[in-house]
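Across the two complexes that follow, subunit A remains constant while its partner is subunit B and subsequently subunit C.
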Partner chain A sequence: MSLFMDLNLPFTADKKRLKTLLETAAHLGFSTVAINYFHEGQSKGKKEIPKPTPLAQLVDELPIVQGKSRPIKVLNRLTILVSDASHFRHNAAEYRAYDILAVQPTTEKLFHAACMTFDVDIICITVTERLPFFFKRAPINGARERGVMFEVCYAAAIRDSTMRRYTLTNTLALVERNKGKNIIVSSGTDKPLELRGPYDITNLAQLFGMSEVEAKDGVSSNCRSVLLHAETRKTACGIIYTVKTPNDSQPKDGPPLAKKQKTSAS
Partner chain B sequence: MVRVKSRYLLCEIHVSDPSKLLLLEDRAITAAVKDAVTSAHGDYGAAQCSIGFSVKYVNAHTGILFLRCPKSSYRLIWSALPFITSVERKGRRISCFLSCLHVGGTIRTCQKFLIRYNTQQLHRMLPKCKTQEEKDQVRRAILSSSTYMLKGKEHKEERD
Partner chain C sequence: MQPAVFERVVVKNSPVYQYMKVSLVLEQAQTKLTAVELKHLITTGLKSLYGEVGAAFPFDLLTFEEDTLTAVLRVYSRGLVRLWSSITLLGFFQQQRCAFRVLQVSPYLLALTGNSRDLALDS
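On to the complex of A and B.
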């Protein structure tokens, strides 16, 4: 059994809802989820990029994953809606607080730029309306070479039938150009009742024109490569990694329990 | 004579309010699945769904159901299952979703899987118990389910 991931759970301030959302995801068998903070790029009246809320403040106890004995892993992700090239700032310090970085381009030019130059992990495909442009092979191949993934959210398709049509049209267009590679399928919903199990998602992705293997990769191994890509984004050429050493060297919780026992015995 | 082959989808139904789970029954679920297939795949899907499709078993307490589909079209029916958002029963809408746990060729293999799955659920339940009484109850349930599995194995060995 492979590890399943859902890299798009929108952030809600409602703690109770977030808790049930995480519990449902764990029950369905997702071992890693990412809480998504949405940021709309604005040129005037600069809106601050939201700071991720520490996980300890959101939930007290992480639920155990179905079929495993480990608790669910929760990451932070930032999605920027880009409607102008200046909205995405390269190497901004604010982006460092997030584990995963995603952009949602709105025009063809920006889509091209996102695929070829932007230093991101995920490019979101709009599924709630008809895309104003066609996918071209050059940027998509460029994205594949750089290891950037395309994301499709299925929650809109569940909600009503017009959205379902748009989702299917846009995804079919993408899969046709992309041959089903480099696609991740995630939920993108904050309602627990709109989540689906990983095997249902793979079967749903086959409706999008992906093969069985590609569909399963869409919820498991492609997500894993997103995480690895995100790791290398923080490093220099994926080799050197800098960590800020904490200045105060006082121990937080004291020595671990096993050590304590040893000293008391001797 | 070759038997008619079919696939059994073992599904779990998730509802927001556990008290509404008891309202579920097979006819309501059949209607919901057929509606979903029709809306996703049109007349062709509805036709596929009308032969050899049935809800074999519903457990309203644990929210488990068995769907029987013809082998040729089970993927078509399965791909429509995520679009189910509610089940209508006696004019009341129960918002829910189905998640598929297992696909089997016979009911027997599905049952075997279900016993294992339910034991797993009991193991998950154990740390959440608050009183000693609850804990004992869950422990007893786990024991009885595992002895059931062992007995099944012994029977098989005897037959061999």
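On to the complex of A and C.
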């Protein structure tokens, strides 16, 4: 059960660019991607929260994921840059249009609030500048208990060497605090040449101090938890998934199918 | 006809080398580069991420196809994570954007001749 996901592809109005971006992501092996709409919280002026563009208007045909023979799944995600507690409105109707909800806190107080009380799925960690606060154990543990994930974007590390240092420093600090758990690694770029494959990211996450298993979880099962958490958020108490197990139609006697093919070829 | 006999070989020691098959994707597809330039590019990447000690790390460029920009690298197993992360974070080649796509990684060079993920098993 490891479908790879990239939950941060920034939205661009340029359709052609978005198409190549989705094609690259599918070619690299990502089964699910989320188009990210960024919203900067403002107390004055009341900037409107953007409405997600319906997928049918963006792309005509979804590309096929490499090695899966299934089209890529595209979700919508909203990220709110919170610099004041009032910027995040609980249960706002605008949030309902999105599959995933994320916040990017700018101060320690807001980080604490985001971990403990905000009803979100992802907390973004700033990677383009020095972190203005230290990670404390209490909010991190609180977030883990509530199933909120922390997100690290790696695109800035490819772009610039100074930002690479900040990415490494901030992520190392985070991994040190929560022992590599509850972290998802996503791209956060709208350029196809800055996207990297899931195994590249797994390897890169080992550089952040995560173990191999934690690193792989960061692009696969933790992302799945985010999606499930997001669905739970919309309902009153929870969701249940049932999967029909395929019936074993193979004949019980005789060697397994794979072995039979080998001998029959000779 | 005798059925094929299979022999099972178990290698207990950790492999000395790891082989990587990588391809370089450039923004301007018509750009040509030689094997020397490619190795220099990778070394620059190692140096920018790991410094002098990292740049001194031994790795070999075994083959390089200039028309497809595909190369096979050989590296000591211990340095795989370092080499891989440095080529992951390479983003520029002579002021134009580039990206390395790691196609296959294996401890056996023979495994790079074919990709099991491209096989059509159900046909």
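Everything that follows uses one rule, which is that the second predicted complex is superposed on the first by the 237 of 266 C-alpha atoms of A that agree within 3 Å, B and C clash if a C-alpha of one lies under 4 Å from a C-alpha of the other, contacts with A are read in each partner's own complex, and residues count from 1 in each chain.
Convention: contacts are C-beta pairs under 8 Å (C-beta built on N, C-alpha and C of every residue); 3 or more make two chains touch, one makes a residue touch a chain.
Just so it is clear, the model here is predicted, and its values are computed rather than measured.
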Fit-or-clash call for subunit B and subunit C when the two complexes are aligned on subunit A: clash
Contacts of A:Tyr199 with subunit B and subunit C, given as first, second, both or neither: both
Partner chain(s) touched by A:Gly67 [first = subunit B, second = subunit C, both, neither]: both
Which superposed partner A:Ser161 touches (first subunit B, second subunit C, both, neither): both
Contacts of A:Pro52 with subunit B and subunit C, given as first, second, both or neither: neither
Subunit B versus subunit C as contact partner of A:Leu207, first or second or both or neither: both
Shared subunit A surface residues [contacts with subunit B and with subunit C]: 28, 67, 157-158, 161, 164, 193-197, 199-201, 203-204, 206-207
List of subunit A residues in touch with subunit B within their complex: 24, 27-28, 64, 66-67, 154, 157-158, 161, 164, 192-197, 199-201, 203-204, 206-207
Residues on subunit C engaged by subunit A in the complex (per definition of touch): 1, 3-4, 6, 25, 27, 48-49, 81, 84-85, 88-91, 97-99, 101-102, 105, 117-118
Interface residues, subunit B side, partner subunit A - complex: 14, 16, 39-40, 75, 78-79, 81-83, 85, 95-101, 120, 124
Complex interface listing, subunit A residues touching subunit C: 28, 67, 157-159, 161, 164, 191, 193-197, 199-201, 203-204, 206-207, 262-263, 266
